[in-house]
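One chain, chain A, appears in both complexes that follow, with chain B as partner in the first and chain C in the second.
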Partner chain A sequence: MKRSLSSYLQLAFTLLICAFMLVPVLMSVAAGLTNNYFQGLSSGLTLRWVEEVLALYSDTIWLTLQLALATLLINLIVGVPAAYYLASSNSRWARVFEELIVLPVAIPGLAIALALIIAYGGVHGLRTSWLFILIGHVLYTLPFMVRAVLAVLHSINFRTLEEGAASLGAGFFRRFIDVVVPNCKGGIISGALMTLTLSVGEFNLTWMLHTPLTKTLPVGLADAYASMRLEISSAYTLIFLVMLLPLMIGVQWSGSRLRKPHA
Partner chain B sequence: MNINEHGASIRLEGCTKTFADGTLALHPLDLSVQAGETLVLLGPSGCGKTTTLRLIAGLEFPDDGGRILFDDEDVTHTPIEKRNVGMVFQSYALFPNMTVAENVGYGLKVQKVKAAEVKQRVSEMLEMMELGALAHRRIDQLSGGQRQRVALARAIITSPRVLLLDEPLTALDAILRDRLRADINSLLRRLGITAIYVTHDQDEAMALGDRIVVMDHGRVSQIGSPKEIYFAPQNDFVADFIGQINTFEGQVSCSDMRLPGGVLSGVALADGQGKVYCRPEDIEVINSANAGLRGQVHQTQFIGDRNRIWVKGANHERVVIDTDGRSEFKVGQEVGLQIRPEQMIVLDRRAESV
Partner chain C sequence: MSPRLNQPLYLMMLPVLIITCAFFLIPMGRLILISISGEEGSMTYWYALTDSRYLNSLLQTLVLSIATTLTTLAIALVVGMFLARNRFPGRSTLVSLLTFPLAFPGVVVGFLVIMLGGRQGLSAELGLILDGSRWTFAYSIVGLFVGYIYFSIPRVLMTVMSAVEKMDVMLEEAARSMGASRLRVLLDVIIPALKPALIASGAICFATSMGAFGTAFALASGINVMPMTIYTEFTLGANVAMAATLSILLGLITWLVLLLARSVSGANTTPAA
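Then we have the complex of A and B:
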């Protein structure tokens, strides 16, 4: 098949846009792997900076993972039943709550953080604990979990499925575990990946809530940009990307899987 | 297979149902179903038949004062999971996260039957329902008819006291519906289980029901055997709702009813304004010359076993008549109509005033 001129132009334009977006990422990665960025790649490649970042900031990496997993755990325990409750309830308040729960997404993270500090900053020990950041992350990510599960619940006829299970003798808890949860697995998975991605990458809220001893990856990143040499900051970016990319791909994958029937 | 228990008798006493928004879905209902009987709840949508079924199932509860009994046990406040009923839903409600075998075995698993026994009983059940080859299929890989059979198998494997079927054939196409109707019929007879079957399809009701409960606007219109419902409707609603029927309405004097096309004689009504019904197959077409009631053929339709003709001019509305399939009528032809008195349906005035 012969391609027309316009399709070549389109292709060129697309590639140009891709390059525009990818070049900074690649440059940054390259900077993290070169001996001296100002001399360029001719100064040789090295993993020295990556090692240095790991030595300096490994605790932020661990804290980030810990936060992300704790946020996920809470979202699963709270978010899935909450979505189930919202989907089953016919009350007007459930609809209002469904809208309210999205508010933290619309409000700037800084404002939420400030509100949290004003409200709970005085609670003994909380301000300096990583749990304070956890509260912020849960507030921020819970809507995504609830929404993802709600969307699936609204698309399947879960009430009839539950009635079917009940007619066979299954009590409430049993129905929830055997029928409701497995049938909104897709929503739970995509909500979970979303939670992890958002928690790992969250900066606004976390920056306001953190203390020198409770720094997460993005906060450490800002810290490195401000005070370290460019190679170290870039190596840091590299580590950040390595952690985040699989999650992002997972979100995309689960999204496209969910849209297909019988996935 | 050991599922042949006769099931429970069911009694509803003064069951009323008001929904949260204030609609009265069911007027006080008394109903009793014998053990092993198949009772069909029939009526147009919104007549209360599904509500009645859900009350019996335990998916809804009657307003205060109503009582539901299985045999002599009061189950009014027992939720569905403790009533030991089997239910087949219109949408089947099969679990998409389980295979056919897992769906069928779920009720046994919930009852904590041992895995080996579950396996044994499921495979027997699947054989009986001719689903053996599909045991490991996923639900979304089944056709509508297969899903329906899986739903039925899942509902009866636990030997429920009562089998409840909520329009189980509505989602299927006509040919499949006829075949499955026959299957369900023989299954219900074989199991001897008490069954409540909800439908809006009168053919289904006639074919399956030992007795039919015709419902309208949250009330029972008539309860009776299919033949009673068809040949002896007790009120206008049942007469109109079940099958084709002609309504003759006019002034009666000395057993003669005056109609636009002449006189209908032999009407068992007192003098004055009156009404009789007649089924299309009960009207005889005769030579117009010596007929008391005359009209012209307006339209004919050959249906194979019979000719359906519409006659105008005889009555206020067109008269529908089923005649022998070999008869010949031309549009515009003058015909006489004759109805034998015993084939006229005269409503019991008392029943109508209830």
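Then we have the complex of A and C:
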């Protein structure tokens, strides 16, 4: 097929935008692995900075993982049943609840964090606990879990399946666990990956909610950017990207799997 | 369906409702109360909208967010049309490259802008070669704008691409065969067909830009976008009532824009990340 001049121009523009997205990331990766960034790559490659970051900030990495997994656990326990309710119920309240769940995503994280601090900042022990950040992460990621499961529930005929199971004598919770959950596995996986990705990278809420003892990786990054040399900031960013990459690949994979029509 | 099948249904929703009430509705209610409980009462809203410091911050953020939205929509339209319409080796790699940064927090985007336009950045090196001076843009409004575009592209591009894939190619061909110019086809066929997707993703882009905090924080430029102003009022100024007032105004703006976009476009507008 012969391509026209304009399609070459479009290709060139697309490549330019890709370069805009990619080049700074590559520069940052290179800086994190170079002995002296200002002398350039000729100063030699090293893992020195990565080791230094791990020595300085490994607690932020663990806290981030802990928060992401705890957020996921809560989202699974409360989000999946909620999606099932929203898909099953025809009541006006169900629509109101659906709006309500999504509301925290429509409002800037900073505002929600401020509201949480005003309402619960004085509760003894909570302000300095990692649970305070967990609250923020759940509020912010729950809509994505509910939406992902809801989308699958809307696309399958789960009522027929359930009525079949009911006619065989399966009780409500039995039907939910054995019929509904396995049938919306794709949505649950997709929502779970989204939850992990968002929680690992959350900054707007977390910056307000954190204390010196509860720093997550993005909070540590902000610290490093403000006070550390460029190589350390870059090595830290590199560690963050390495954590994020498998999650992002998973999100894309599960998204493309869901978009394909069901067999 | 028998009503018996539905019996404990509300129990499934209860935990989420408790979480939302306890940790969202009640705190938001407290935030509203705090915003009017300062010395000036509800006059804080008047000050927030008339005092030049707050008003400038609001206007700057609005202009920045609108400019970001329009630029990102234009970029996503060109790139999205191209990637959705053409099949070539490496295409899926390009799509992945353009969508991976979706998960980058604002601070990281700020750092990447420093990599591009900071004192030791790419443009500084380029400037040294070309005219012997370091070109920097990272710490000005340009740096913010570049950063905002960086985190907006992945969000908007996905929506635009899937809308282009659903578009009817026949309409375009019909218009072209009847002699319409490229520009006319773009203005009269393509953009109207993509309008719902453009409005929906544009609203998300705008709302995200209005609330973005990390990028401005990392760049530490003199420009006070609204979230930075709120942060400063709260931490440095200890002016909790004003921080609450500004938060509520900001939240109202983003929420209303998303609501409006949804009622106009009928599409799903839920911001991501």
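We take it that the second predicted complex is superposed on the first by the 251 of 263 C-alpha atoms of A that agree within 3 Å, B and C clash if a C-alpha of one lies under 4 Å from a C-alpha of the other, contacts with A are read in each partner's own complex, and residues count from 1 in each chain.
As a convention for this text, contacts are C-beta pairs under 8 Å (C-beta built on N, C-alpha and C of every residue); 3 or more make two chains touch, one makes a residue touch a chain.
If you're wondering where the values come from, they're calculated on a predicted model, not measured in any experiment.
K.L.:
Let me test your reading of the model: by the given contact rule, A:T160 touches which partner, first (chain B), second (chain C), both or neither?
P.N.:
A:T160 contacts chain B only, not chain C.
K.L.:
Quick check on the superposed pair: does A:L131 touch chain B, chain C, both, or neither? Answer first, second, both or neither.
P.N.:
After superposition on chain A, A:L131 lies in contact with neither partner.
K.L.:
After the superposition on A, what does A:V29 contact: first (chain B), second (chain C), both or neither?
P.N.:
Neither partner.
K.L.:
Return the chain, chain B or chain C, that is in touch with more residues of chain A.
P.N.:
Between chain B and chain C, C touches the greater number of residues in chain A.
K.L.:
With both complexes superposed on chain A, which partner does A:L73 reach: first (chain B), second (chain C), both or neither?
P.N.:
So A:L73 meets neither chain B nor chain C here.
K.L.:
After the superposition on A, what does A:F20 contact: first (chain B), second (chain C), both or neither?
P.N.:
A:F20: touches chain C, not chain B.
K.L.:
Looking at A:L65 after the superposition, I want to know if it touches chain B, chain C, both of them or none. Which is it: first, second, both, neither?
P.N.:
A:L65: touches no partner chain.
K.L.:
Where does A:L168 make contact in the superposed view: on chain B (first), on chain C (second), on both, or on neither?
P.N.:
Touch status of A:L168: first partner only.
K.L.:
By the touch definition at the top of the document, which applies to A:V179: first (chain B), second (chain C), both, or neither?
P.N.:
In the superposition, A:V179 touches chain B alone.
K.L.:
Would you please give the residues of chain A that touch chain B in one complex and also touch chain C in the other complex?
P.N.:
Chain A residues touching both partners: 163, 166.
K.L.:
Going by the contact rule set out above, which residues of chain A touch chain B in the complex?
P.N.:
Spelled out, the residues of chain A in touch with chain B are 90, 156-157, 160-161, 163-171, 174, 178-179, 182-183, 185, 261-262.
K.L.:
Which of the residues in chain C come into contact with chain A in the complex?
P.N.:
Within the complex, chain C contacts chain A at residues 1, 5-13, 15-17, 19-20, 23-28, 30-31, 34, 75, 78-79, 81-83, 86, 94, 96-108, 110-116, 120, 122, 150, 153-154, 182, 207, 210-214, 217-218, 220, 227, 230-231, 234, 240, 243-244, 247-248, 250-251, 254-255, 258-259, 270-273.
K.L.:
Considering the complex alone, what residue numbers of chain B touch chain A?
P.N.:
20, 57, 59, 79-82, 84-87, 89, 91-97, 106-107, 110-111, 138, 140, 154-155, 158, 164
K.L.:
Considering only the defined contacts, which chain A positions touch chain C in the complex?
P.N.:
6-7, 10-11, 13-15, 17-18, 20-25, 27-28, 31, 37-38, 77-79, 81-82, 84-86, 88-89, 94, 97, 100-112, 114-116, 118-120, 135, 138-139, 142-144, 146-147, 159, 162-163, 166, 172-173, 176, 197-198, 200-204, 207-208, 218, 221-222, 225-226, 230, 233, 237, 240, 244-245, 247-248, 251-252
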